[in-house]
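Dropping a structure here in structure tokens format, bear with me for questions.
We call the chains A, B, C and D, going by the order they appear; numbering starts again at 1 in every chain.
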Amino acid sequence: MAMVSLTINGKKITVPDDLTILEAANRHGIAIPNLCKHPQLTPFGGCRLCVVEIKGVPRPVASCTTPVNEGMEITTVTEQLEQHRKFVLELILSDHPNDCMTCESTGSCQLQELAYTYGVKGQEYAGERRTYAKKDGNPFIERDLEKCILCGRCVKVCQEIQGVEAIDFGYRGFKSKITTAYEDDLNCEFCGQCVHVCPTGALTGKLWKRKGRYEGVKETDTVCPYCGTGCNITVHSKNNEIIRITSRPWTWNEGFLCVKGRFGYPFVSSPDRLTKPLIKRKSGEFEETTWTAALEYTASWFRKIREEHGPDALGGLSSARCTNEENYLFQKFMRAGIGTNNVDHCARL
Amino acid sequence: MTNSIADIEGMEVIFIIGSNTKETHPVIANRMIKAYRKGAKIIVADPRAVPMVKFSELYLPMRPGTDIALLNGMGQVIVQEGLQNDEFIRDKTEGFDAWKDSVRDFTPERVSKLTGVPKDDIIRAARLYGGSRKAGIFYTMGITQHTCGTDNVKAIANLATLTGNIGRPHTGVNPLRGQNNVQGASDMACAPNVYPGYQRVDLPEVQQKFEQAWGKKLSPKPGLTTTEMIHAAHDKRLKGLYIMGENPVLTDPNQHHTIEALKNLEFLVVQDIFLTETAKLAQVVLPAACSYEKEGTYTNTERRVQRVRRAVNAPGEAWDDLSIIIALSRHLGYPMEYRSPELVFNEFAGLWPALGGMTYDRLKGRGLAWPCPTPEHHGTEYLYKDGFPKGKVPFVQIAFKEPAEVTSDDYPFILTTGRNLYQYHSGSMSRRVPPIEKHAGRAYVEMNRSDAERLSVADGDRVIVSSRRGEVTIAVRVTNQVSAGTLFIPMHYAEAAANVLTNDALDPTVKIPEFKVCAVQVTSAPKAASLATGG
Amino acid sequence: MQKTLDNILSRYRESGGNVISLLQETQDAFGYVPREAVQFFSRELGIAASKFYGVATFYAQFRLRPVGKHKVTACCGTACHVRGAERIMSGIQRELHVTDEEDTTTDGQITVEKVACLGFCSFAPVVLVDGAVHGKTTTDAVIKEIKSLRKK
Amino acid sequence: MASETLIRVCMGPAGIAAGGKQVIEAFHAALVDAGVSAQVRERCSSHQVGCMGLCARDVLVEVHQGDVKTVYQYIKPDMVQRIVDEHLVAGKPITEWLVDEVYASFYRKQIKVVLADCGRIDPEDIDAYEAVKGYEAARECLTNRRPEEVIEEVKMSGLRGRGGAGFPTGLKWELGRKSRGDDKYIICNADEGDPGAFMDRAVIEGSPHAVIEGMIIGAFSMGARNGYVYIRAEYPLAVERLKKALDQARTRGYLGKGIFGSAFDFDIKIKLGAGAFVCGEETALIASIEGMRGMPRPKPPFPVNRGLWQKPTVINNVETFANIPAIIRNGCGWYAGFGTDKSKGTKVFALTGKIKNPGLIEVPMGITLREIIEEIGGGIESGRPFKAVQTGGPSGGCIPASMLDIAVDYESLAKVGSIVGSGGMIVLDADDCMVNVAKYFVQFTQSESCGKCVPCRVGTKRVLETLERITTGKGKEDDIERLEKLAGGIKAMSLCGLGQTAPNPVLSTLKYFRDEYEAHIRDKKCPAKVCKGLLTYSIDEATCKACGACLRACPSGAVSGEKKKPHRIDAAKCVRCGACFEVCKFGSVNRE
């Protein structure tokens, strides 16, 4: 691959020639504000925030779509560019509810962060806002289209990554909106990739609602308990309750999850959870008991069978859902503790 | 998987056989779609027109249970057209000539008859796969859950060996594991014939090593597999069973038989997070912590060992499984004292060289794929880079066999089972997720439009599906996803459990049951039955 | 309907389907784009229904609701604008009790549409009534024409 | 001899609208009755071409007798009998029906290159085109010249893209030729979306083969084997004629394999636009041909490198292609002889608005606005003072009366804040409100904005809202400043040409007609009495005849009155629709 040399803000850099200016800048630690570009998705070029000046080019160009070229002299920050960016932010916010106080995405909203950075309140060009009466009735994803800034990331991720194409741009001009066919309720794979890439509060999890944002929220990086892919997830919890699950963009799964990984956690707080050891009485009914009693009862049965019929009259079934440590210890228990190789798990099922 | 998930993106050809990747491994499917966007050609061989077909260059709608015929047939074409990797065959394999003779009569014409796949498509598939040196094969239970499951896997390996599509980036034989830690559970030797790290129990030197490590005399006799244990329990040879986090009543074939077997036990203890169908049959039920509530490691389908961390505390008096095993062991008189999961990890990492270089500290971030023998080693993104464990890879001659159960006048449909996107396994977790239940909470049997018309049933009608082993009442979903003569029932729904119907015939080598093929009949459900079984 | 759709589809199956052309032929056949048509093409060609909808709502040509028996098209190009097209349009709308959104009379008889420019600029203002050009026209003249349509 | 008599009746859409068909039928009947043998032919193409721009005088009828041509105007079917009787039978033309002096002055300063054949030949007959040296240029190129030579010829002619941006055509073809790839495409943009322009339509309806020939030459030059004409579905006649022309060309072997016996293969497909102005933008047009939403994408990559189906693609508009055959036939020097230093050749304009002779004209670049408006156009129709001319449509600007003497070429118009554009030229008089005109164009661009980029999607909406405020009397003192800021931001930050030029109508009217804005904002008055919200209606009791017309016309019940008593308007109920003003035959309704 050919390399090209160029300067960004006076800094000379050499990069592969198939990069865009934005990618080249990011690779060398130069941040350029943007809303519609997502690293995993093809560029869109709609938000116009990533504009830069190139020496010899009369108008500012979008760095997310412009490829690098040998000898380019690029400036990412000038007073003029900052004015332009403020202008665009003013316009975006003039068509945005700006109800950050109650918005699910406060604190994780890229639009909010840019508005904060640029000190833009959205008052300067106040005017009509898009309003929508209809709410999407699907059980997973809250779609608040009034907060949508039409960056197109959701459309792209649904097409390019998920291959579902449940949504697309509809209408045009100021009436543009992201829509399903015939504006029906969303009926897709509910992977929530769109939620993951949404830079605002337009797309959130219905499960998340009013559960907590960042104050007092603990984030734990762990692994999804569903299929064998082993996606990296981040569990957000507050007061010992899971309030949402996300995945960080720099994980090997690139922040992408499926419906189960993203929205499949509520079983944890199901009222059906077992909370005490149970022993079955003669009547056939279960009765709650203490750990000591349950363990002693179990151990006594194991001892009895082993003594009467030998260790191979006992068997153990371990679980592909338990950890390596637990599985290791389980078979060690069966082999060394009980004395049998009758131990298996459900790999084949 | 011999290769990694990220590796998929660079493949030229992706051959998916017996895997509904888009629904059972959605995030792996994402990688395949990314590869597709970069120009990769995807071949899907499956009795059902699974969602990945949308992205496929070629779809081979094969009859269930005819994988070997298809794979051998593709091999035959590859040899016929000279697409095999001669250098690889010469340097790294053995038994090529004999194998070549064995597939001679798997001509496209014959294979087409056996599989139902058009002759030209078999040839095209062979050319696509054989013509690329960056081609990966992917499969799941659609391959393994057959009486000939082991042979299916070997037939796949033959193809990869034939083309040299193994041991390099963007290639490989890639089984996709179904559960979060199947790989780990296998690695950790929750299997009757091996110790951790696939070290055979019947080898004296291995036995000695573990006796030394564990300070206990160990049995040299291989034990029973899950299905064999169930049979043994049924025959009252097995008296006591300890089940940790499993629900065989729903997940094992021939449900009536399984329930009878568990009832025949003298003692059953089940350790789980819910009172599952299996736990209800137990004498003792021990409340466990779920995945979000404990520390440890999982090993995913690409052999990547990753850290699991506690996000919330387990409810009430539920304990994590590790603590339960430790406490139970103490009560049994074989104390195993570990203050943390990390110490357990260190113990088995010391017993299996493939994990020798791993520590919890090193697993921070993205984890490490085994083998990772030394502290300096960066893990193994793809296997067999430096050759094969036994020196040369053997070509294995595989004969085609019909499935254990074939259709008859009484049972004219082939039933195949599997998962859907939303639910997971026995459903003990996913069915307790309200939005998932709302969206995908009803059992269904998929039936081809033409069959539905013939039987005069409409979408949503309830029918009785019965096999030689049992029957379920279930709503029909009319679709062209299954071909005529085939039915599909997802395994998740206890109220219409697919495994009431399935056959517990086993693969002779690895004892895996034939979930993917059994013969059934369909009759319309009387109105009363519809009401009784409800939603 | 199915027969017409099959017919249209047969011409596009090979080429994979151009969404705009499919929609144009569908609208030619039915006067609008019926939902069933989109679902059918989407299923048969593997093109997402959302894409059809996105295209159908983007281009001014496509209608998602049935069209009236008669069609009145008012040109709103610049030349017509400066010669009072807007007044004519609102006059027609008032007369027929229709709006930009609800553009068809409740009896399904007449649809009133705006069009960017018909290219009859030197004849402005222009209104088409069932395709017939009425140049240098007035609100009254158009309404008279519409009334005679209704009698037909 | 009678057989040498040829009667041509304008049968373009406007001709038809004016009763052309009935006129023809009347001729047939009258000729039979009179026993006169004469050939009656449709005056071929579209109304603009058929009447050479003077379609306002339809139905035009030409009577050719030998070399003598007599042209009648405003002919209705009931007038035909008299023409037959007096002119054809008696040999005495009816002088009062003949076209007047305007007819001559309309053509005096025009130079026809693109429109040369329009109206002269039957557009549906390839023989007619070949009779005027049609396809000679293409044959010459394909059989005698190398592509590079053709490109050089076009480059030297100085021809610039007639779609609006004015990019040198030869250079574009050269880039297309140099762009790598086996599959290349050439596209003719006939999606004339500019409201108030009909040049491309006229050319295709009048001489479709010229466009096809131009495309063949272009395709040969760049090495494209496939061509598309992207044409508005709103032009059914143009589509039909183009289809016929393509079929004829194919039958003759001018399209298809081995054209003119050369090794060159090329064919053209028609794609119907579906109604989106933004599809005039190259990348949006490409998306539309691909069947997708017409949303522009950023350039680079330019279509010439990655265009249709990601292949090298050259896009030119109809007029550009129609120029090519003449340039090849007559040489680049001949063509470059017209026009100015930087803007060569001729340009077709659609002259409309408050002009006496609206129509389609072709003039050399560099002609002054005054010549066009006063001489060709015959001045303002109503006799009211000329106020401004709008050029370039929604992307252009308004040029005030004080600048009538500027030259019409790319550079001069740009200097005064407008553009040549595709060729719309709308004449405005004292009755036109410039704020309203600006609002009209912003309304147009706003509704045609694809919605992709923020400045255009939201910015034009805010501009429109501000203009709506101003024109309804709710303007605020700082609104002009707000407009200027919005316009500047939208121009600088929009993704495509549509957004980048959308503020032009506002900026140019602000520049030359600021006082009108100020009158709206400060005095709450619309000097041209156009803006509804700023008008009040009252009835002059002295002249009111109490006819009741206004009362019946009023949609809001604001007019009251009885028979024989002067009517009154209740200002509180009045919705300012102006219906009463329009219907009053006695001028008794005052509008202020």
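The rule we apply is simple: a residue touches a chain if its C-beta (ideal position, glycine included) is under 8 Å from a C-beta of that chain, and two chains touch if they have at least 3 such contacts.
No experiment lies behind these values; they were computed from the predicted model shown.
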Geometric centre: closest chain by C-alpha means: A
Maximum centroid distance from subunit A, chain identifier (CA atoms): D
A-D compared against C-D, more contacting pairs: C-D
Rounded Å distance, subunit A centre to subunit D centre (Cα mean): 52
Computed distance of Cα centres, subunit D from subunit B, in Å: 68
Approximate Å spacing (C-alpha centroids) for the pair subunit C, subunit D: 22
Centroid distance [mean C-alpha coordinates] between subunit B and subunit A, Å: 27
Residues of subunit A touching at least two other chains: 168-169, 171-172
For subunit D, residues contacting two or more additional chains: 276, 293, 448, 450
Overlap residues in subunit B, where contacts from two or more other chains coincide: 54
Listing of all chain pairs that touch each other, if any do: A-B, A-C, A-D, C-D
Subunit A residues touching subunit D - in the complex, by the definition given at the top: 43-48, 51, 59-62, 65-67, 84, 87-88, 91-92, 94-95, 125, 127-128, 149-150, 152, 168-169, 171-176
Touching residues on subunit D, where the partner in the complex is subunit A: 276, 278, 293, 295, 297-298, 300-301, 446-455, 457-462, 465, 482, 485-486, 489, 492-495, 500
Residues of subunit C touching subunit D in the complex: 17-24, 51, 54-55, 58-62, 76-79, 81-82, 87, 90-91, 94, 115-124, 132-135, 139
Subunit C partner contacts - residues on subunit D that touch it in the complex: 13-14, 16-18, 47-48, 53, 55-56, 192-198, 201, 233-235, 271-277, 288, 290-294, 350-354, 358-360, 390, 393, 424, 426, 428, 432, 437, 440-441, 444, 448, 450, 555, 577-579, 582
Footprint of subunit C on subunit A - complex, ascending: 164-172, 179-183
